[in-house]
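First up is the structure itself, then whatever we jot down about it.
Chain IDs A, B, C and D follow the sequence of writing; residue 1 opens each chain.
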Amino acid sequence: MAGNTFGKIFKLTTFGESHGKAIGGIIDGCPAGLEIDFDFIRDELDRRKPGQSALTTQRKESDNVEFLSGIFEGKTTGTPIAFLIWNEDRDSKDYDHLKEVYRPSHADFTFEQKYGVRDHRGGGRSSARETAARVAGGAFAKLLLQREAIKITAFVSQIGNVILNKDYKYFDIKTIESSPVRCPDKDTSDRMVKLIEKVKSEGDTIGGVISCFIQGVPAGLGEPVFDKLQADLAKAMLSINAAKGFEYGSGFRAAQMKGSEHNDLFEKAGDKIVTKTNYSGGIQGGISNGQDIYFRVAFKPVATLMMDQETVNKKGEKVILKGRGRHDVCVVPRAVPIVEAMAALVMADFYLRNEIKI
Amino acid sequence: MAGNTFGKIFKLTTFGESHGKAIGGIIDGCPAGLEIDFDFIRDELDRRKPGQSALTTQRKESDNVEFLSGIFEGKTTGTPIAFLIWNEDRDSKDYDHLKEVYRPSHADFTFEQKYGVRDHRGGGRSSARETAARVAGGAFAKLLLQREAIKITAFVSQIGNVILNKDYKYFDIKTIESSPVRCPDKDTSDRMVKLIEKVKSEGDTIGGVISCFIQGVPAGLGEPVFDKLQADLAKAMLSINAAKGFEYGSGFRAAQMKGSEHNDLFEKAGDKIVTKTNYSGGIQGGISNGQDIYFRVAFKPVATLMMDQETVNKKGEKVILKGRGRHDVCVVPRAVPIVEAMAALVMADFYLRNEIKI
Amino acid sequence: MAGNTFGKIFKLTTFGESHGKAIGGIIDGCPAGLEIDFDFIRDELDRRKPGQSALTTQRKESDNVEFLSGIFEGKTTGTPIAFLIWNEDRDSKDYDHLKEVYRPSHADFTFEQKYGVRDHRGGGRSSARETAARVAGGAFAKLLLQREAIKITAFVSQIGNVILNKDYKYFDIKTIESSPVRCPDKDTSDRMVKLIEKVKSEGDTIGGVISCFIQGVPAGLGEPVFDKLQADLAKAMLSINAAKGFEYGSGFRAAQMKGSEHNDLFEKAGDKIVTKTNYSGGIQGGISNGQDIYFRVAFKPVATLMMDQETVNKKGEKVILKGRGRHDVCVVPRAVPIVEAMAALVMADFYLRNEIKI
Amino acid sequence: MAGNTFGKIFKLTTFGESHGKAIGGIIDGCPAGLEIDFDFIRDELDRRKPGQSALTTQRKESDNVEFLSGIFEGKTTGTPIAFLIWNEDRDSKDYDHLKEVYRPSHADFTFEQKYGVRDHRGGGRSSARETAARVAGGAFAKLLLQREAIKITAFVSQIGNVILNKDYKYFDIKTIESSPVRCPDKDTSDRMVKLIEKVKSEGDTIGGVISCFIQGVPAGLGEPVFDKLQADLAKAMLSINAAKGFEYGSGFRAAQMKGSEHNDLFEKAGDKIVTKTNYSGGIQGGISNGQDIYFRVAFKPVATLMMDQETVNKKGEKVILKGRGRHDVCVVPRAVPIVEAMAALVMADFYLRNEIKI
């Protein structure tokens, strides 16, 4: 049973291989009457696009989204919104040397084990190119959430051993996009850039962490048992290529804490009930409590290296995989809009899933 | 849209509040002809049961499962397996003082925001008692997986600042259950016990980490995009009460690693293709690669304390919540079978979801 | 992939075999705060119960529903509502003679082909006893719909060749329940009774038709493509044991009609837009138009006869199946509350599925 | 919650409005390795295409399917198959007169009630043009079923009062496609053609019935309770535009039958257990029994007439709707491949849903 659909009410189904004709998707369940800001959608896709700086892959992708349905006179009609992004710059001959080889820590081997066949060109369906469709879908989710004043912001908080140690509250959000690595602290950003350049010169790659916070979420979104808000966020994040870990609120740090430190005491602020601290990360019992939701996602280093690697071919024979092609040294800055898009899909879905009050 | 069902083909739906008549569930999609080992199911539930040692809550629950359907002459029939566990020892008067009060870091406030009403007795639906139904469901999943020689083992690898620093491969699995905290290293286990006793004497609680590994998984389970194997595992784990983080394979450590360190090189071992290292945690591109799957789950400290806490009541007035009742100081040892059960549900589902090969 | 759940938001999952311990179900997705009229639920179940008159099977079933969860202080809490009905009067020895035999037009043979095993006692899961759980679930749906003034009424419009030829508008609804065959026309009802008695005296059984109409449905419920309102009603009805056909509005008669006869012209009535005729059966393009929804469901004769029948056993050997046991001659009158229950489940689901207007 | 996806494992999601840029769909869950016969797919679409004879609408649609993903070197890869059909010949000015008017027995009024907005051009999403995507999806399902020797055949058995009174077994299947109305009996076909011509000359339209039979279905497909094989077939058929009724096996005739007539007695034929008669329509208890599955679907007359009709505009004012445009007099012959496609989607889904035997 295939798994190319995300969401239960606000549903995104994506399709496409990196070197097929096109990638794209269908958004089903977006309410009618939503005004579409096409510039915003293009901007979101541009944020994910390769070639944004010397630090990222120079593969040229125009990533222009073409909408085929579900929009009439600038508004959603309530029917499925199909969109596609044509694949250009796709010389599949570039990949002939991969036809018989399993690249280390890629999905070549596992796809073949699962399906018996695989489209070996550029990773096919397992390519991160698929995430462009997520960003497009997430842009619609963001437009829906904006109406409810729910705002999602992600940034890079770690690359290699360069770690941003300050809380998201102490930054100017607007500086995120001006950093080449999407880190809102100038000094840390500079050190991250330097690290990436060094790693690049070695033909190597490096991992990192993205932090994300969601503001303006009303209390009451989420479900108490299996579909806890944090559970669906975790699934959304771990479904992103290269993601290795997820924590929300106090996260792994909670393991070391005592209840008397960790409990978020309630108090009244104006006519709202709030918590004094927010180790809960805005969620209690799987349901939002009105405080900021925040979480962190760990990413592994890119598996494609500019150096030789030992591996095997289909017959199990030892072969040397040469480093070549155009690839990111660190995918984390470009994954920022993907993290936001997936978070937006989760939040839009829970917003629409919320029970009718009777 | 409620979320009380887990799984797409092997589906578990749970019901029940901690102080209602009963909790239980329905397993739908378990294949026909599976032989049921009722002793095994009872043992699994016993592992989760409170009152197993002086370290855990003394609430008496017999947790006897009664099966109502779907089993005939000791085997599954392919029809829904309904089961229930009657709630005994449920004096709801114990909870009258909580009717108007929001306990810190519990789900009282969020349930009320979501539903308008709540069953205030013992946490109602948000009580960890619900997880007994998961353990029962997971036991069926384990029986199914056993036939395929897939084995799931979890243990406690951290409580507070007491951390087990050795890899799961260096332990004797059999010692897990003989440790009162389910930690397979005698010395670490002893220090954990001491820490819990100390915390208990302070009226406080403490968090921890559970590690889990899955052996015998064939290559090819999982889905490449949204339903990646690790994504569903992450969702499963974050759906457990008090879970705060999930990482698999290299996890958050991957953020600090270079590709040349992290890549798992393929080699041939006998007639199988394996990897020399396993930073991938047995999963590449969302699909199992035949190596061990392993992951870690962080748990926050229990929110119910044996000390006074400030909070507010429904009107937003400041009140003091007195510490009382019978509660775990550290829920992590008892969460071990729950982690295993949720992992088993994920693996059984992916096993059955696997495409027919044509 | 099993199919024991009905509905997408208002979901009913049923379980149980006719001669297992109990049958029952879980309703997930019923909004919180719905006041439960327990007498109403019992009355609904009593309408389906066997032994209501000399015309129906004398199997004694108390059919008392026991609620296990999801209700607190007389109202739904938004969490799953589990309920069960214990099976009494279940002497499985009655069925030993069926262990090796395939009863004609029963599900014995197909269950065995599908599952390899079967619970042969009284039809097991394929027994119409399962529908008691549907009636219980449907009662909750009805309670929800009542708040919106949506009312569902079914009655018997044909048994054998005795046909009620008048439209539902010309009857007094209240007379349905006073007829032993649930036919609101005294004369037709009498003739139906006579026919059933005659058929019974022959040891035979007879089919029939149930008509149903739904009043008070607002315009705008349903979905335009695959989940058309009539499509889900058709599925709901054909999922009832012994149902053989479904038609709504003009139904099969439409095949003989011209567009100029069949089109329902719009007109203004007060401040509402209505149609002059209602061949559309209250649905256009899969979405309710505010007029009455009405449909008919055909039922085959009961397959269990009080006469000898030729059949085969598991080995394919010819055997004679003796007529014995307690069985309905005509199941149609008792299916009336089942038709209503399934219609209520569909309508409650579409009511909750309706998009948030933005 | 939108309903643009059909199927649970073999899933088709469609998109597109009649006068948008394109229509199309995504097939998710088609197994890998299926060889694609592109000519067959084009032929299937040609069967549905308008303009096949003087009897059908002359709207020119090339209906060329463009495949975007999921196929590599002529075979499916197991990933989503996206396809689209560009809309040509779409002069939306043709529809300006419908912007403010509700056409009788069309979905204009109900879409507006549901969504607040509507794409008024040619029916938008409610146009039968959407069914081209179903035929494309169904073609893949047919290719999958062919491998299992499951064959689906539909034909026209009634138009207006011209009724084909012989069973499907007495016809030469090959003659279906040579009849301009897809009726395999030459004489009946001629009378149907004459009737359609007469109705056309009156500016009117006419309804009809399609019969369908499925051969080669192994025993054991289907689910016993809500997802009975006939229930999903009923839903599939009633989801087709203009469908008004569904019956399978004995259908509505069963209402008049006695059990002793209707029961299908088992017997052994060679080494298979078969039934002597087939009133069950190949399904018992929701599960296929190995005999032919057959059913009938009623269609109403096309709602667009070549004559004036009274209706109202958005303000509720009386207006006269002029007959104009290019429309089918009788949609039934063109609906034959749609009935087959929907049946194929159901059968492919149940084939893949069938439980793993352990």
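Everything that follows uses one rule, which is that a contact is a pair of C-beta atoms (placed from the backbone, for glycine too) under 8 Å apart; a residue touches a chain by one contact, two chains touch by 3 or more.
It should be emphasised that the depicted structure is a prediction, and the values quoted were computed from it without experimental measurement.
Considering every other chain in turn, the ones in contact with both subunit A and subunit B prove to be C, D. Across B-C and B-D, the chain pair carrying more C-beta contacts is B-C. If you average the Cα atoms of subunit B and of subunit C, the two centres end up 39 Å apart.
Annotation: 46 Å between the Cα-based centres of subunit B and subunit D. Residue positions of subunit D touching 2 or more other chains, listed in rising order: 1-2, 4-5, 8-9, 14, 29, 32-33, 78-79, 114-116, 125, 224, 355, 357. Residues 1, 29, 31-34, 78-79, 144, 147, 224, 352, 355-358 of subunit C touch subunit A in their complex.
Note for the complex: subunit C touches subunit B at residues 1-2, 4-5, 8-9, 11, 13-17, 20-24, 26, 28-29, 32-33, 66-70, 72-73, 75, 77-82, 84, 114-119, 124-125, 352. Residue ranges of subunit A in contact with subunit B, taken from their complex: 1-6, 8-9, 14, 102, 104-107, 109-111, 113-116, 125-126, 130, 158-161, 199, 202, 204-209, 219-228, 230-239, 241, 243-268, 271, 273, 275, 279-281, 283-290, 298-305, 307, 309-312, 316-318, 353-355, 357.
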